[in-house]
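What follows is a short report on a single structure.
Labels for the chains are A, B, C, D and E, by order of writing; each one numbers its residues from 1.
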Amino acid sequence: MVYSYYPGCTLKNKAQDLDRYARMSAEALGFTLEEIKEWQCCGAVYPQASDEIATKLSAVRALNDAKEKKQDLVTLCSACHHVIKRVNDDMRHVEDIRTKANNYLKLDTPYEGETQVLHFLEVLRDRVGFEKLKEKVVKPLTGRKIGAYYGCLLLRPSGVMAFDDPENPTIIEDFIRALGAEAVVYPYRNECCGGYISLKEKALAGSLVDQVMESAMDKGAQELITACPLCLYNLKNSGAARKLPVRYITELLAEALGLMTE
Amino acid sequence: MQVEKTQEFRPKIVAFCCNWCSYAGADLAGSSRLSYPADVKIIRVPCSCRVNPMFILRAFQRGADGVILCGCHPGDCHYTTGNYYARRRMTLLFSMLDYLGVENGRTRVEWVSAAEGVKFSATMNEFVAKIHSLGENVRLEDLRCKRD
Amino acid sequence: MQRIGVFVCHCGSNIAATVDVARVVEAAAKEPGVVHAEDYAYMCSEAGQLKIREAIKEKNLTGIVVCSCSPRMHENTFRQAAERAGINPYMVEIANIREHCSWIHKDMEEATEKAVILARAAIAKVTLNAPLQAGTSRVVKRALVIGGGIAGIQTALDIADAGYEVDIVEKTPSIGGRMSQLDKTFPTLDCSACILTPKMVEAAAHEKIHIYTYSEVEKVSGFVGDFTVDIRKKARSVDMSKCTGCGVCQEKCPSKKAPSEFNRGLNTRSAIYTPFAQAIPNVPVIDRENCIKFKTGKCGVCAKVCQAGAIDYEQKDEIVTENYGAIVVATGFDTIKLDQYDEYSYSTSPDVITSLELERIMNAAGPTKGHLERMSDHKPPKSMVFIQCVGSRCADKRGKSYCSKICCMYTAKHAMLIRDKYPDVEVTVFYIDVRTPGKNFDEFYRRAVEEYGVNYIKGQVGKVAEIGDKLLVQGVDLIDNKRILMETDMVVLATAIEPNPDVRKIATMLTASIDTNNFLTESHAKLRPVESPTAGIFLSGVCQGPKDIPETVAQAGAAAVKVVGLLAKDHLVTNPCVAKSDELLCNGCSSCEKVCPYGAISYVEKEVNDHGIRENRRVALVNSALCQGCGACTVACPSGAMDLQGFSNRQILAEVDAICR
Amino acid sequence: MQERLVERAKELLADGTVVRVLGWKQGDLGYNPEPAYFNSPEELKDFVYDGFCGANLSKYMIQAGKLEGNTLVFLKPCDTYSFNQLIKEHRVKREKTYIIGVGCKGTLDVEKIKKAGIKGIESISQEGETLKVQTIYGERELPFMDALLERCTVCKGKTHQVYDELIGAQEGEEAGPTGNRFAMVEKLEAMSPKERFAFWQGELSRCIRCNACRNVCPACSCLKCVFDGNQFDSAQKANADTFEEQMFHIIRAFHVAGRCTDCGECSRVCPQGIPLHLLNRKFIKDINTFYGEYQAGEDTDSRAPLTNFTFEDVEPGVVGERGRK
Amino acid sequence: MHRTEKEQADLIREISGVDTRKCMKCGKCSASCPAYDEMDIRPHQFVSYVQNGDVKALLESKSIWKCLSCFACLERCPRDVKPAKLIEAVRLMVIRQRGEDYLSPNEVPELLDEELPQQLLASAFRKYRK
């Protein structure tokens, strides 16, 4: 199975681990992530206003590229996934945006939201299957107590993202269990880490991260995993010193699949 | 082709409503003051299954620009099964009209319960807007008994 | 040629403010056949009706058109007026120029034009009307009540006290319903069981009442006055005639892991069980899914310990068929599922509970024997938070659009009872509005605040998080415009109520209307609140809309009166707008027979005289007592032999022509 | 084969099984045999059975059923669908009918032969895949396939659905040419609404309301047609305008929808050559698509599609949605 | 172009697509907001301010720079009002006026650190600048 793959800017720079381990793991699990050509930055935030069209176009180009190749589009970074999934929803359901975007892009055939956007985790859950994943694990992470940190962008707004229950998600916990570790469920796993605000509002970001860390530690987590480079950055760099180690989901995956080269 | 929404074009629209759900829904739209264009005129029938394709063709023959049939939601028919028959009849009739080159969009079926005044009004507004966008019933006009 | 009179109603200003009534009269007068046209302020008034009667006499009218409100309002009024003046009541047609015209249009010109067209359509139709004679049908003097909660019990008692037979069909093993699960009731704090149990006993002992518990309505046919109903008596696996209700079987049953429905899953019960101590009948059922005997074939402990020999593993479901003149729906409610509301941690924390679960915890027969304690560690709470409107007043898919009506009051009750019994427990209520219309209701709520010191905060809660063994409640106080972060021990969610999920299936069987929230629709929101638009079907309790106990009991009584009014009749006048087949046109093809939902069409071989040709033909025959007048057959008939009286092909076509003219 | 049929008919008349025979009688030209009753062995001298015996005799059995005594009828495989459908609708009397299922190699369209430039036809015989036409100008040849009636190019089978005995046929015989009978319907569906409208206007405007289609149609068996009565104010002696042709043909197609066996008689007899079967086939195709494959006349007791339903039936809006794709 | 406050309120409703009349004033948005304590005007107030046409106060509010676009308010609102979209619309109104950016490229270098992901800068520039 070959998927179109949209890595996004951060995965090409600061979050190369997230990207590299995803590709390695994909091959090990029997699917290929085929990077789409000439992708452009998704803009990192979804333009919410009804009169913003230009800022949605890079997402549409990526979506159309996948459509032309008749492939599903896989993303990994939470921000990219959020933007592309929501723009795709607009292209499906908002006539005004669909018309204007197509007018800009002048495609041979208009893009009307045909592409299926999948997060890497959704591929694991819905296409590979966590049972199958479990079979492929060569180094089970037995005994480790791992907390999932979802953040905001994968889950909300749930009507569009349709990723998991926005208030009590289970996909990353199921993923952790498939890798042989113990999943620690804690209430703040879907609360905001502070996002881009950490650039200028350090104190606020700090207090939010502390809340997440405290909550995870309270429930007995020994480490956290996330799918988002910005969440990872904030969890590591904002707030109090009392911290759990944080890693990308794909690092954990690669480790369990025995792909780490240490 | 965008037809100008001019003063002159007042479409003639016939709405067949079943007595138990849709006619009551229209009454509720009325008592809730939920407006829709005066172009819609309602004919009360006991059940959507009472509507003979002849009635619909006759309406077009006499100059209607749109015909809509409203009944109870499937499963909620006052007579248990009437709307299921209506659904088959209308599906086939509409498909045939489409086959003959009559724009679909001039015919519609909508299930509206007695509690759905809001839906009734919204449906009629939508339907009238659709007929406005289709403009006068040119393709059927050729087929009409022209009186003048 | 008919002589038609047209009467245009002003309805005060309801019609006249938007429709130029005089112009409608003028236009109607010009229509062929119209010999009289006039308008009046209120046609439905005695004076208005007199005008109709006088005109009929003076001008020898044969057909009447009234341009007024919906025929669903006053068609009968005007038909009776016509009858009193000596013409057939079915010679009356209504042009609905209020609900379908004046009330929805603002422009007078447009509305008047439309009113004229609607009047023309009615005139065109009445021109083709023919006098119709209504027949009669029998009334079976027995009523069915579906649901054995307080609504159903009260309705049944009232019907039975009036001297009519009544059957209650209850799905669960005992009557009692939701009320039996409540601890105390507002606003007087009566013990729920203390006031309900006597009614249950009375119903069970009443000679006119027959109770089918652990039974469901399976099939309904027929119509007002004469319904035929199949009732499935689910296999109880216990012989009701032998069981003495000693309870030994429940004690000895080795399978005790099934979640107790009665205690909302807060504890477990045995596989053979009666739901609660006061259950009626006091005969247990075997829950076959949890019974070891049924699962493995081994066990049989209950049969061994039963001295009466009442256990019957071989028992099968039984179908009972009964006839009823009237059916009352009293199917009640349940609380909504909260799996969509995990910001309150309902799925993850056992200390976040619904109000109904709290009722069970507070109840002496409940899972904690009435001790207020946390379900996680069985410690008494020091602080409790109540959150209002969980799933009520929601515009999104998660919840319900309506106000559940009872939550404000029961929350005040809970808060008050807790503060009364455990004065050291801090109680906080987050609310959007406190809604307490009702006799002594607001006073009750104020007592909770003023006498019992319950802390009411106007604002909502955004998240409940488990931190250590506490719950962290993150809310907002809208009056002080400040964030509230408080640790508490228990959170109680005032969960929205919804109609019993089975009601849609039942409504379909009864062909009773139901709204988008699954509440049964009443015939008229104000004037016929306990009747379904389907004749012979009546509504009692929450199946019609959210209600508290006093309202439910009042409505149950009202439904009973309507049923008694129906059963008191010896026969009913049937709708004469039924199908009729022209035997000279009938091909005998059976298409009509196939689509008739009432089996009202049969075929006979008979000699017909077709313009001098006498021959034997197979022709359709409509049983007008069975026909309900839907008209399905008229369209199935290719030759046009089948027509519907009162809504004939030519009448409807005349309306079409008049509208499209 | 003709001889075998006559012989058998004589036997059945002789032994009293039947009192009359319904078959085809030699016409005034070589290619226009017509349905006829034969009441005696002598009358059977005019009996004919050849490629021009396209006429479906099922409908005549409505009348025959009212006559004294039993009737022998010859039915081609496709005719038996109509007969079965008439049984289902209680229009014919099976017990008063003796059916000989006759073998059929396909029936011919004289218009096609004429279009091939063959005039003055006297008789026709078939040799292999070739049709030999004796004309007043001598013998002409034509590939057999080129002369088949449209309906026979999409033959629905050689199996008789109902019979008392078979002659020249056997059970489970292979169908003739089985083209896609919906090809033309599909072609029309693929057109724009405007083109479809133009097509039908072109076809239906030629209608002269001779009612031949109605009279020949085995499904149009009403004692009195709605277009002859005043139940719908629809009695028409002639067309007042083009709408009425449309109305007549739409309603006629609608009335036979789910009952029409696709026997193709309507198009065969239309003197104006209007492809009326395309209306019926549209309904058949829609019924198959929406409600599952259905062949009218395959049995005598199932519910017809329009007197049946399922809870999950498609909504009428499907017509518009399908249009957008 | 000068607009009255009422026109500005209409514009905010238009670009946000939010129908402020749907609000039933329950406060669940504010109860859910992680940046609540940093805000001078709270999420639920955004709805009523726009409804009442008090736009000037909103344009001057520091809350628009504190909103995290975490969509918790939008997810949990029982009336489907979407306060986040309203805040976004106000923010856009401010940054669309030249010189009202909340972030200038000049201040970026001192805010940077080794690990800071590109995503953060992209987001911040989108959110804080025209």
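Convention: a residue touches a chain if its C-beta (ideal position, glycine included) is under 8 Å from a C-beta of that chain, and two chains touch if they have at least 3 such contacts.
Being a predicted model, the structure only gives us computed values, none of them experimental.
Novice: If you walk from chain to touching chain, how few steps can bring you from subunit C to subunit D?
Specialist: Steps on the shortest route: 1.
Novice: Between subunit A and subunit B, which partner chains are common?
Specialist: C
Novice: Just to check the components: without subunit D, which chains are still in contact with one another, directly or through others?
Specialist: one piece
Novice: Measuring centre to centre with C-alpha atoms, which chain is farthest from subunit C?
Specialist: D
Novice: My parser should flag the chain pair with the most contacts; which pair should that be?
Specialist: If you count contacting C-beta pairs, the leading pair is B-C.
Novice: From the C-alpha centre of subunit A to that of subunit E, how far is it in Å?
Specialist: Inter-chain centre distance comes to 24 Å.
Novice: Per the centroid of Cα atoms for each chain, what is the distance between subunit B and subunit E, given in Å?
Specialist: Measuring from centre to centre gives 45 Å for this pair.
Novice: Using mean C-alpha positions as chain centres, tell me how far subunit B is from subunit C in Å, no decimals.
Specialist: Once rounded, the distance between the two centres reads 30 Å.
Novice: What is the distance in Å between the mean C-alpha positions of subunit D and subunit E?
Specialist: Chain centroid spacing, subunit D to subunit E, equals 73 Å.
Novice: Where in subunit A do residues touch two or more of the other chains?
Specialist: Residues 167, 191 of subunit A each touch two or more of the other chains.
Novice: Which residues does subunit D have that touch at least 2 chains other than itself?
Specialist: Touching at least two other chains: 226, 232, 306-308.
Novice: Which positions in subunit E touch two or more other chains at once?
Specialist: 72 - these are the residues of subunit E that touch more than one other chain.
Novice: Run through the chains and report each pair that touches.
Specialist: Listed by label, chains in contact pair as A-C, A-E, B-C, B-D, C-D, C-E.
Novice: Looking at the complex, which residues from subunit E come into contact with subunit C?
Specialist: Against subunit C, subunit E makes touches at 22, 24-33, 36-37, 42, 44-45, 72, 76-80.
Novice: Quick one: which bits of subunit D touch subunit B in the complex? Just the residue numbers, please.
Specialist: 185, 188-189, 193-201, 226, 232, 234, 240-244, 246-247, 250-251, 253-254, 257, 279, 282-283, 286-287, 290-291, 305-311, 313-320, 323
Novice: Once bound in the complex, which stretches of subunit D touch subunit C?
Specialist: 66, 89-91, 221-226, 229-233, 255-256, 303-304, 306-308
Novice: Using the touch definition from the top, list the residues of subunit B that touch subunit C in their complex.
Specialist: Against subunit C, subunit B makes touches at 12, 14, 19-21, 23-24, 26-27, 29-31, 33-36, 38, 41-47, 49-55, 58-59, 62-64, 72, 75-82, 85, 89, 113-116, 121.
Novice: Please name which positions on subunit C make contact with subunit A in the complex.
Specialist: For subunit C paired with subunit A, touching residues are 339-343, 345, 347-348, 397, 463-468, 472.
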